[in-house]
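Each chain carries a letter (A, B and C) given by its place in the written order, and its residues are counted from 1.
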Amino acid sequence: MTKRPPSLRQKYSAYHYRAVPQEDTELTHVGPGTPCGEYLRRFWHPVAQSADLKDVPIALRILGEDLVIFRDGRGRAGLLQRHCSHRGTSLEYGFIEECGLRCCYHGWLFDIDGAILEMPTEGEGPYRGPLHHGAYPAREFHGLVFAYMGPPDAIPPFPNFDTFEAPGHTLSRGQPAGVSTVKPCNWLQVMDNVVDPAHESFLHTRSQGSLITDRNGRPVQELANLGELAFIQTPVGLLCQEARRAGPDIWVRSIEYIVPNIVQLAQVPTLPPTYRDGETRITFAPMVTRWRVPIDDTHTLELAFVRVRHGQENAYADRPSKVILSNYGGRPYDEMQRFPGDYEAQISQRPIARHGLEHLGKADRGVTMMRHMIREGIRAAAAGQDPMGVHRDHVGPWPTFGNDTVIRVAPAASADDDDALVRATARQITQSILQAPPMTAGAAIRI
Amino acid sequence: MTKRPPSLRQKYSAYHYRAVPQEDTELTHVGPGTPCGEYLRRFWHPVAQSADLKDVPIALRILGEDLVIFRDGRGRAGLLQRHCSHRGTSLEYGFIEECGLRCCYHGWLFDIDGAILEMPTEGEGPYRGPLHHGAYPAREFHGLVFAYMGPPDAIPPFPNFDTFEAPGHTLSRGQPAGVSTVKPCNWLQVMDNVVDPAHESFLHTRSQGSLITDRNGRPVQELANLGELAFIQTPVGLLCQEARRAGPDIWVRSIEYIVPNIVQLAQVPTLPPTYRDGETRITFAPMVTRWRVPIDDTHTLELAFVRVRHGQENAYADRPSKVILSNYGGRPYDEMQRFPGDYEAQISQRPIARHGLEHLGKADRGVTMMRHMIREGIRAAAAGQDPMGVHRDHVGPWPTFGNDTVIRVAPAASADDDDALVRATARQITQSILQAPPMTAGAAIRI
Amino acid sequence: MTKRPPSLRQKYSAYHYRAVPQEDTELTHVGPGTPCGEYLRRFWHPVAQSADLKDVPIALRILGEDLVIFRDGRGRAGLLQRHCSHRGTSLEYGFIEECGLRCCYHGWLFDIDGAILEMPTEGEGPYRGPLHHGAYPAREFHGLVFAYMGPPDAIPPFPNFDTFEAPGHTLSRGQPAGVSTVKPCNWLQVMDNVVDPAHESFLHTRSQGSLITDRNGRPVQELANLGELAFIQTPVGLLCQEARRAGPDIWVRSIEYIVPNIVQLAQVPTLPPTYRDGETRITFAPMVTRWRVPIDDTHTLELAFVRVRHGQENAYADRPSKVILSNYGGRPYDEMQRFPGDYEAQISQRPIARHGLEHLGKADRGVTMMRHMIREGIRAAAAGQDPMGVHRDHVGPWPTFGNDTVIRVAPAASADDDDALVRATARQITQSILQAPPMTAGAAIRI
């Protein structure tokens, strides 16, 4: 926890507010042996795109560890410590073989599980018995490569969210091949953005006109109206809800935070929605499931699944220009200044944001709750317990709760009454979601 | 103070002289809370050019603090701490409004005095009472933006040097718009150059032919003759004088150091000068008033005023090619080596020069005296007193003393006698200057 | 010495092998006052190419010290501490004069031995008696500039290896003018490569087809067969021997390590060799003598002599494309990955390799022995003794032992017997070499 300097009550008083407190190391440091690093290591994380595993290994850095990833001739993904066990040469210069990866320097051959299959310069010796190189389990799934970097005896089940199998849709990757989205800042401030629906009203809408479009490509100007915010804890994380009056309808947007580093969110619906016969309420399932994986304390990798309707193209992976560019780096500084997006808002909070200088308010309740959940998880892991989010005994897909819902509800007579009506409607929808998670319950949903 | 290794009395003995002592931290470190940093914060400093304050805010770093500067829709310059009080996003990505600057992320609006005018995501709460963001007073003056970054209750009068109002001239900025001169070294070694007239004879003249031109564009080869040096303390700083015989005249050049970080100097006169009827002595007032403002311990920003004659163009700001390029970075290394200038001489003294390795001599007396004056000022500020250079009760313009004077004095019979004559003449001129500062006294001067 | 984590006996156990021990500082740190730095300073080292000393001085860094090197108007090489004794300006911006180097700032003039010849701004004072600037002895020899940076009273004889005067050949430089080979890693891991003949079988041969060619330009695929390894201590260092059956001949390749940082090696012979009348054994002398000189702890400079036959061109210096590119940096990353060479193998062992993570084997005995010899030398120097390799009283050229020998020996009946025959033959050749070093003994050799 960090110490907060007193707030300023006088104008022109920067001189009295120059101290920059340290970051909250418990929540932000991710290297081996750190509390948060050990916590995050209790989960599977995507670390690369399958499409990028080709004929040369890839050097990567995850949670402060230098690694190399590859797919061998048998089609198996391998994730090894980067430096050869023999003399330390980087295996990024190694050669992929039918079975494993061979160091370029003296030809030691490593299986994907770390087994050292050959030490050609050594003949029979000198290392008797099976000797292993440092390896982590890796598994490809729908275009992403996942890894588990925690204690071998605590390996959790592979992720199985109910959103992974949406009828009529294919789970696909959220980026074109060869494109990796890296933000030069700590993972937690990227997650802060997830549990902060209010920023959509400002950063993406009011400031510059809406940068967010609905299914028909219309900029959704309705986002500029700050709605009724609610933050609801779920069995897997947090629903970050913003409910708004939209003409004859009430629109309840529930972006979902899933511990420890996942967001699920739906594309904004067309407003008013196209109700089918007799329909007065539509639930839109998440289109995106996105992980933010720490590279190290000050760099964060983003990888995502998107749900693509059968027969349609993947707007994220097949048409790079469709991706919201303001979430990525590489733009000219002048453009960053004139059209800032998530990238600029997040990375400029310092390489590691300083919570001791923040002034959080009602709209930041999601931030407060998420950090509390993470801190609880960190302490559970440190105590040798499974943190929340490790689903060991669950049979079947894991329920999740995020969605956008639009419901036809006639406006109340006064603005204040309508605000209350919007809040009440949002609460009812939340109740129904929590009782019957839409994707698991097989509700009639759209994506 | 730094410890000096013994000087070398034997050839080929570098082995015994390898230790590099630490820098003099009292004089060179400028961050918040450092002795020199607090001293420099007792003064107004230019921090930007007015011409650069346009429709986006500018991120800048002054005295080790990260700030953002802008001019709002009402035309008021604002200087704010860079990171938003809400969640820390950089205000360099903010939007300039009619009144103040708005953060891009959640729309908090900051007035130029730091008052937080709006927290749109918070409605009525949760911060009751006036809450402020860190701000410093900023003021535009003749094309430069000045700031005061010291304790609010110790704010000094705005600079008012007598050179600011030269008859027939306009005070203008010393650089083209968009050009900032940053030297990657400590501020003090840039100032060392100011109080060191002898370097003009070598760096700018002997080594490469004269790089310094008079009013008619003639390279002033006379500078190659090392003159009679004198260093005279004044009420505002130090006169660094070099007096030379120049044919039928004696030329007394007095470059002026003004505490803590200012130089005033005249353009070199044409020699022989064009005397008007009956005139036998001409005083040339400073053309340039230049500040060196620390960005941090190892970077220094230069901003200047030049005096431009009515109806003429500003040679510094309007014709960038006229600026002495050797004072700036960005040249190819080969050109830097073959035609070194102030930039190369200063930055290559290490990022922070090590006084413990210097061998100062007679020609370096100005350096010794200036450092002593700065150290006195640092200690005065630390003791809670106004350091020299803070003019609280002075009525009217503040007298300054720098100028070049040329006087017709027939040469003495012998070289030695003439050297004595030059020295005596210089002393007389100094006496008259100190008794009646030329600009304040309304003397007949030229610029 | 470094502490070694336990080796891994289980698959997927990287989690238990994440600790990265510190480097062996005794062997790897080279700055002033470090044990290894002081040891290396007991020897002459090449630090630049003569062809690069032109009309401007060159800034260089050797053993962690910032220096400047130049050849003055009298043709004498000078090596001075980089920062002027007066006020610290870098002498890389100085002007070369007939006698010495003059600082650009105030014109102090330094002789090559450090004597300060002029302080033009000081006239007669204030420094009485001879004052010197830090200088090191430098000497040009066959196109390289050597320096001695150790204690003045311990200066050793200039190198005089017997390979420096090969009949019919001229000693020439190993690189084109203006090309300096710098590896961004510690010097010791570059040396590890020298005493490691087995890497030729893998890195340069098996992995990618042979990158090593014989005198006729044929790729030497025979290198792919890992031969019989032997490591033999010599009076000057270590012979790293690999003996192989090559058809009717036995080929004994002996790469020579010479303390502290030198390798001598022959070009691979044509196989089978062209015996002259009655000849059944040919000794090929080293073509290359190469130094690896630490720039600092994490950068290493390579400079070499090659022996060029009279009337032929210098393949290394005159035709840059002939140089084995994989020993150099600057290639595109994709090419580095697909065709790794010594550069990639060495620099990717981390900026300073961590011995505590190595698993050395039989083939690495040369590494173990060389590090032991260096450690002995470090401790001798620290104890005030001349380390091995300082030849004070030797009359005439200093014997060296490296060579490739090919001898006609009919194969034995079985593979095992032939292996034994190869080993025995190699031992005999070693005996004869140690008794009569080929170059010194005036043996009939080829280059």
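Points to keep in mind about this one:
One rule holds in what follows: contacts are C-beta pairs under 8 Å (C-beta built on N, C-alpha and C of every residue); 3 or more make two chains touch, one makes a residue touch a chain.
This is a predicted model, so every value here is computed, not measured.
Rotation angle relating chain A to chain C: 120°, from a CA superposition, given to the nearest 5.
Of all residue numbers seen at the chain A-chain B contact, under half occur in both copies; the interface is built from largely non-matching residues. Averaged Cα coordinates give chain A a centre that lies 50 Å from the centre of chain B. Within chain B, not a single residue touches two or more of the remaining chains. Across the complex, chain B is touched by residues 7-19, 189, 192, 198-199, 201-203, 206-207, 226, 334, 336-338, 340, 344-346, 348-350, 353-354, 357-364, 367 of chain A. Contacts from chain A toward chain C in the complex involve residues 32-33, 41, 56-57, 65, 80-81, 83, 85-90, 92-93, 95, 102, 104-107, 111, 113-115, 119-123, 125-127, 129-137, 149-152.
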